[in-house]
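The structure appears below as structure tokens.
In this document, chain identifiers A, B, C, D, E and F correspond to the written order of the chains, with residue numbering beginning at 1 in each.
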């Protein structure tokens, strides 16, 4: 029976022992999104084409947050990340006036445990940063669902949503 | 006309000058959520009633992330936070087998600018930490929409969703 | 003749070169304690049994401090920790009105050098956090002796107090 | 009746709201110590007189840890520290072969709440750093009792041990 | 007679007490530069005009380093920065095949002490980041002289180079 | 043809994938300097001989900055550093009244990629710290050229300036 592994016999949080696990290449892909209004869409789109690229700031925030994951998530293992990338796309439905930035992060390590948390944290940091860069124009933006899309490496088997 | 204030005349990101703004009490409330499966629901609920409290870890992660916001969000001003609280509730619909943890964060400062990003970052960190604590039981959890609910203080007027 | 290895030929601090050392599993156990008054004892004990668990916060502080050791201790090597656990016990002598929380930390790595500092830092952070959580009730708490109890792994031989 | 203020109505940790408190000059003094063997005493004493000053490293670790306190102690308020100093003295009793380094830290702020935790964290970091610098010579060192000595400023009254 | 203020009566580093100083708006401007070869010049210039903007990354590194100054410079006071901006220009002399990126940082606070270190640290971080982004093309880049250009605010008088 | 490797196909910064690279011992040596006036020279020189050692603080700042490089330089890989050392020398020309502190840093790792950025960051942090320690005596100090001197390890071949 599976159980919450992050608790010790006193019922308090611990960082699970992974000393016995194999150091292998592990990859995780996560996604998030942020729904903006048309005015913000226009201003980001212009900035991306010319200068003032909101996504450039969000990208860097994501990369730095991925490296910083073990200090943000209390029971997360520190891992020597070997690669981080983040991609942005627009999903636009002009009929419903829907403007949504799709965020996808991919994180790699060669380490003792997976990098799901690093990928999720990167995607969240990107979304939060876009919010911060655009909040002077409107605070009603909504950060969309954030989830793990894929995970490979490690003996527990791969995962794909 | 409103515009993205975070860019300088060279079109690159800057941290906006707020030296002229007044130091006042400011409050922001944000929310997020995480959808889990029934097994995770059962294990969290048991832990909360007895010991092994997932929410205790998430709460602390949220408080620490709020304090850490200016190092996570690149153009965010460092602010001396004066109060942080996070609350958790369950939204359960057994007909559709829906188990969702509702997260609400509230952050206060007495400073030159608002604490929207701190509240949003706290809520996100809580959701990510719950994911981390429960991912051994199932990786299909989904972090739900994350958004600002309310903001008071500062001369730009209050905001309520 | 043994000597302080942390100094270079100019007599200033350096981080000792461990490139030649073997990457092996290393474990360290440290302990600390904190002496509280009866009122604090009662309030912690109630919280632990019901809710408001001081030890849950101290536990998380200890885990995060262990991961953060190389940024707290200047000449300490950064190490990819693979496991961290902290345990609490009460030592109570009602005759002398003595209420003491015993803290034991255990840290593991698979790395080039030992984790004594991580275990000691974790135990200290737990004690400091308990002080912080209880200082509104009384500031006369005393953090007791902090020491290394055991160390295994590495070619210099094991240590047990 | 006093109670643990760091818990919210859900019984989980929060960072207490201090927005209403007055921003005043506040000072805290804490002490710790570390008991070493004669060989370590000799090597530190030589280094201090010539070069290779263990206390110089411990001093800096203490200052940086004081500034870093709100990231080490989960519910501690971030404060703009305005002054930090650390002093070292030897307590030596050659009859009992007792060599102990006495550490005293003093921290100042002009802020909403006190700096007890900053002073205690500084003293602990100094002791831990001395341990780290000397552990190649002997691991049996013991960090002595750590406690608050004095606190001034704020409306709750001063404290002196 | 002026003297090094950062040392206490034991001759060890302290963070100077500024509790008595006035909280005023303070500004500092610093500059640095980095000399690159023609190939790097071409690649950066192309990237800036189209996409892949090296300066965007350097800008963000500078802003984050400014906020992080008190954790990089041991005796530096933590300050609530209220504005940070960085500008880049090319100084090119094709006769001598000289391609140099000029970096200027400007940092503001409303605080107890000046922000010279924050401006200098921002400029250095920008230069280091440009080096990092371009080092695959050639490692012979040289970071040029880094210095304070101007400082206003505070009772010690303004400074202009 | 060589190109800037730090950009993805969307033209934004990424942390380059090094999972396929070999984990080998890698060393990098960098240098920087800081030009001071005669008064500062005298005060540092006295302090070094007696007490109040500016270089001791700079050394520690350099070691800690090297460990912290991946959080300062956005696209830099986190690496488990195995050794860090910094040396200081004076270059003095009394005819031209020139007083310059020469800084040399050496950093080692056993990792997937080189430590050029760690060595450069260490040297810069040392220079910035000396500036901070002496700025009360005079703000016209100039941080001299900062550059990589040597690099060994890794399959791209060694580099020596």
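Please note the rule applied: a contact is a pair of C-beta atoms (placed from the backbone, for glycine too) under 8 Å apart; a residue touches a chain by one contact, two chains touch by 3 or more.
Keep in mind that what you see is a predicted model, and the values were worked out from it rather than measured.
Shared contacts of chain C and chain D, meaning chains that touch the two of them, come down to B, F.
Overlaying chain A on chain D by C-alpha atoms takes a rotation of 180 degrees, rounded in steps of 5. Chain centres here are means of the Cα atoms, and by that rule the chain farthest away from chain C is E. Distance between Cα centroids is largest for the pairing of chain D with A.
Separation between the centroids of chain A and chain E, computed from CA atoms only, is 30 Å. Inter-chain spacing, taken between the CA centroids of chain A and chain C, is 32 Å.
In this assembly, the C-alpha centroid of chain A lies 15 Å from the C-alpha centroid of chain B.
Residue positions of chain E touching 2 or more other chains, listed in rising order: 10, 12-13, 53, 56-57, 60, 64, 68, 71, 74-75, 80.
Screening every pair of chains for touch gives A-B, A-C, A-E, A-F, B-C, B-D, B-E, C-D, C-F, D-E, D-F, E-F.
Contact residues of chain B toward chain A in the complex are 2-7, 10-13, 32, 39, 43-44, 47, 50-54, 56-57, 60-61, 64-65, 68, 71-76, 116-117, 120-121, 124-125, 127-129, 131-148, 151, 159, 161.
If you check the complex, the residues on chain F that touch chain C are 25, 53, 55-56, 59-60, 63-64, 66-68, 80-88, 108-110. Put simply, chain E touches chain D in their complex at residues 8, 10, 12-19, 70-71, 74-75, 77-80, 111-112. Considering their complex, residues 53, 56-57, 60, 64 of chain E touch chain A.
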